[in-house]
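Reviewing the structure listed below.
We call the chains A, B, C, D and E, going by the order they appear; numbering starts again at 1 in every chain.
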């Protein structure tokens, strides 16, 4: 158990982590976009409260957040029994449980950038869309989203990265079952704890390289339209 | 060791944490604003690379990041000797060390929202300022910052919250010296580990309440100008 | 049978030892064992709230006792499988006596006595030597013994209390194995969890870990011999 | 049996009915002077008034995009009643903002396609292609809207609104950044034609009175939060003057009967006099009664029938009133038969000609002075 | 010994020298037709041309805000040479964008204060107060710029640029959203006065030719990426007409000498003739030579000296050329001495008067027709 190269267990952990991060990011995109949109339109005194509420998962140390989730999911409590019945299997120590925890934990990373972007030009665009007879959902999907592409890419990148690095929450409610709940961050931590520095360095490097590649790809896909303007091409500035 | 109310040590930890979060946020503001500004103007192919680089502290599990900081600060290595010589005292186990670690760890939280905001309307405003003879630093301070108030508040709130909840890095390089390096997140985790649930619940509650109050205050201070428009007052919408 | 699978929740500090011991069991018992390692406190919480563990190897005796009291274990399965031994990390040149501690004016790294068993033991050592109050200001608290080791390894301190098993695992010899009369030995206990779906096999693994051969191996790995069989 | 329509086409609202009625509309701007307005269901109305008067505010309130209270109804649908109003997209209207507000991150073609897709009365592909060509947008279709020039963006915005083809179309200074030549020669005629084919209620906001005169016959006026109208254009010209009596000229409306129209020249009879008009866009029948505008600055007064001159028109008039203007000028109220009109001359002329109220003179003006034909 | 100046005031650049010279300027728009331009260090120049022609692009390139190559120099400072240029804020210029680009999150007063603070030639407090009042901004000073109406924002933007008072001032359609009355009666006269007191090189972009005529005597023309100019206004009118001969009237520029100015009436001499103007805003000295505009549609032609009429002006002219226009009209090129101007009459008049090139006639026009005084 002192692999010269990155071990099979680590590879498995890496794959699991990428899956978790991808699922979480997609789910959060589905949750975050309408949430941020509603919030950016909400003219009530409660808006600030809700915005702060969304920030709160950041404030609690992840392990403590994980602890409270553990209590929530616990079969010893009614909440956990109800959730398990709803889902058909216990949430603790399952991939589903991890996804739920990650979604809660990474919520601010998705919602905040979107909210900032929507607040800045969302009102103007939504009005312009409504003034052409477009219903709100169409305004969101066909007008606001295309105009907010950079913010969306940035939000997804943050969420993805944060889910990759997530540790405390996963440790608490997921433990470290290889192939099921052992994500890279935990594998990495365990290498360090077990004084397997070589394996730790290698895994950290692989993680960083893979993530950098993915993030660069995302940026490239989501680059703003104006980046390819005639002028920039003229001046030889690369897109 | 089973306090009925929140103990003196916890109070000390709370105070320390708030100080740490405040110092980190201020430092990051000073670093993040010019950094985001430079980046938003930078028309090179490297820009995406640097943006991803800034995201990377998110990707590494905090504990692992802490481990690498531990190595960086290590007197066994040149880097650590140099830093210690520069600073005059060892960085590990000190408040200064915590601040440095927090700054690195929370960097993306400050830079990303600012970058998103600056990219969206920074170019236009900077051009308008330059076209009135304002030098770049004046354009940043007197034009761009006032116009980006919501983004700045949001970035500071995220950074502050994230520093409060920071755990892994601090645990690694700070240990738990009361009044110097024992922050709330660690105290809280220790309560949970020591099975002092009552104290944990109370401390978590105090932390959440204090943070919520601070975040609400920040939002109130930084609310956008337009929120107090005549129209909204007319319609009885509270600011 | 290949479908036999056990999940062991083991204290992180015991993981290297466990990894060394398991292959033999897996071969003879025809059963795959998954290790889920972590801090004992966390593992306890997880076991309490429905984690699918069969066997719990704690780094202390407090948490297994708690589980027993809460009726979460197979009755009678709580046993001491090893004694954690405290070692003092020393500079290479230093003498392996209490005088070294007494005369030390620099940082002393210890695990946090509030949460870590090795921290409690370290405090007991200092108290026995009458140094606890005098040296308090010099103490740098790491979260647990593992982190205390990382600290010392990275050079953030030249003197500190760590687990002997870590020094052995890392092949270092710059340590003083502290006399066992200076502290209460750290009893590391195991329990078979009631929710286990494979309690027989789990019990078999527990028995294997408690067997004489294993105890001898553990001694080589830096663990002490339990004072008596069982409790 | 009803045909199933694609989901996104909402039912087309009947265009007959009462038109647009606004009662007691109050926004933050006009808390003391609620707005009243009644407009037919079809027709083009100009909308003007000093900067900052509240035009954009009214349009946004009509569209439900601005906090307001009061009553707005169109046809038999209530748009606003008290504080609660129908959502903007449920009102059969379109509003073009002063700043174009194109949809960023998309091309011109995307913008137009969206307007078409959510239109209640979509245009045919041929008509769309033809409009795009006429507005000079064809070479820009693939361009991201961020890169358009000011005038290009405005043309796209107007086009987008035409594609949407709503029953009520509100335009807020839509062509202020387009060169006049293009506006007057290509865009305005095409717009007139468009609304002739697709009747709608159009409110056209502009600071360019020529533009309004070329599109509309009536005009709304907004000044310091006070809305008046619809007024005949003449009345608006008068308002533009009241504010500045010494200003340019005012237009008077006169009616005459068509005698004949030959290539480029229209001959009219007014009372006993024959009038000529040579800047005529429309086609008229002999015998038809028509109205035209005469600028007060374009008229000269003579004591006797003048000799041969390129100034073709000479109308016997009675001088009814002399009003002194600022800056050394006087305004004469003249009557030809029952019809009154104004002429501005200098005080010097008045003295030289020794003009007196009640006397008869000859009003002289060029064939090109007859406007609005 | 040098006095220490506050840090933020950069050295004032000398205004004499060669003025603005642009050689071989190429942007992405005009890769085939590099721009050449030479303008004096002082003076107001109009700038117009069809929408999308490249006006905003040129202004941005001059300001160093747009990728370009070529040479730009002002006075003895090189602004751009090849690909590398001086930073915008180091060029002694100001540029007002088409979309106003006010500084968000701040009040109107903040915006003006910033322009003043970074001005190279700050205005005196009195002058600033007076300008704010004249532009009608006083009640808006405490207002956040986000809430301004379109025209208000434009007035603030122009004011901001005046406060900055740079040596080269570039304006991009600065008053397109302000009502004409205010522009013509208050803002343009004030601007003329401002630049008389603070000489600068001003390029004033507009689609409103009246605006340009009231401010400038020469004009730049940009069409499909091709820049020409400075041209005399007459030439620009010709360009505007060439494209549309049937278009309304064209203005000609004439020069005359002041005889006297009595309240409301200005008497001029042009050759042997005496002319009267009664819509005069400025103050003139006897003997001064001044220029005014005469609309081609305001002129009538007579065979003989006409009798007593309120049409005060009668100028003996020689008919140089007859150009047929569309729609039954002809344009006459007339000469009074050395000065040429145009008059539009109907074809019918031409036939009736049997006009022939080379003959002498009398041009008749009202005292109110002399514009731009």
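As a working rule, a residue touches a chain if its C-beta (ideal position, glycine included) is under 8 Å from a C-beta of that chain, and two chains touch if they have at least 3 such contacts.
Keep in mind it's a predicted model, so treat the numbers as computed, not measured.
Asks: Treat touching chains as neighbours: how many steps, at the fewest, connect chain C to chain D?
Replies: The distance in steps between these two chains is 2.
Asks: When chain D meets its copy chain E, do both sides use mostly the same residue numbers (more than half shared) or mostly different ones?
Replies: Same; most numbers are used by both chain D and chain E.
Asks: Looking at C-alpha means, what's the farthest chain from chain B?
Replies: D
Asks: So the centre of each chain is just the mean of its C-alpha atoms; given that, what is the distance between chain C and chain E in Å?
Replies: Spacing between the chain centres: roughly 89 Å.
Asks: Starting from the mean Cα coordinates of chain A and chain E, work out the distance between those two points in Å.
Replies: Roughly 57 Å, centre to centre.
Asks: Roughly how far is chain D from chain E, going centre to centre by Cα mean, in whole Å?
Replies: 27
Asks: Just give me the whole-number Å value for how far the CA centre of chain B lies from that of chain E.
Replies: Whole-Å distance between the two chain centres: 54.
Asks: Among all residues of chain A, which ones touch two or more of the remaining chains?
Replies: Where chain A meets two or more other chains at a single residue, that happens at 63, 67, 121, 192, 224, 230, 232, 237.
Asks: Any chance you could list the residues of chain E touching two or more other chains?
Replies: Correct list: empty.
Asks: Could you say which residues in chain C touch two or more other chains, in rising order?
Replies: 42, 45, 150, in rising order.
Asks: What does chain C use to touch chain B in their complex?
Replies: 39, 41-42, 45, 66, 107, 112, 114-115, 140-143, 147, 150-151, 154-156
Asks: Sort out for me which residues of chain D touch chain E in the complex.
Replies: That would be residues 48-52, 55-56, 98-99, 136, 148-152, 155, 172-173, 176-182, 184-185, 207-209, 240, 243-244, 246-249, 262-265, 276, 278-280, 297-298, 300-304, 306-312, 326-329, 343-350, 352-353, 364, 366-369 of chain D.
Asks: Give every residue of chain B touching chain A within the complex, in rising order.
Replies: Contact set of chain B toward chain A: 43-45, 48-49, 51-53, 55-56, 58-64, 67-68, 108, 112-113, 115-117, 119-121, 150-151, 154, 157-158, 161-162, 164-168, 184-186, 188-189, 192, 200, 204, 207-208, 211-212, 215-216, 219-220, 224, 232, 237-238.
Asks: Applying the document's contact rule, which stretches of chain B touch chain C when the two form their complex?
Replies: Residue positions touching the partner: 1, 67, 70-71, 73-77, 80, 90, 92-93, 171-172, 175-177, 186, 190, 192-195.
Asks: Mind pulling up the chain D residues that touch chain A in the complex?
Replies: Residues 8, 10, 63, 65, 87-89, 92-97, 101-106, 110, 114-115, 118-120, 144, 146-147, 160-161, 164, 166.
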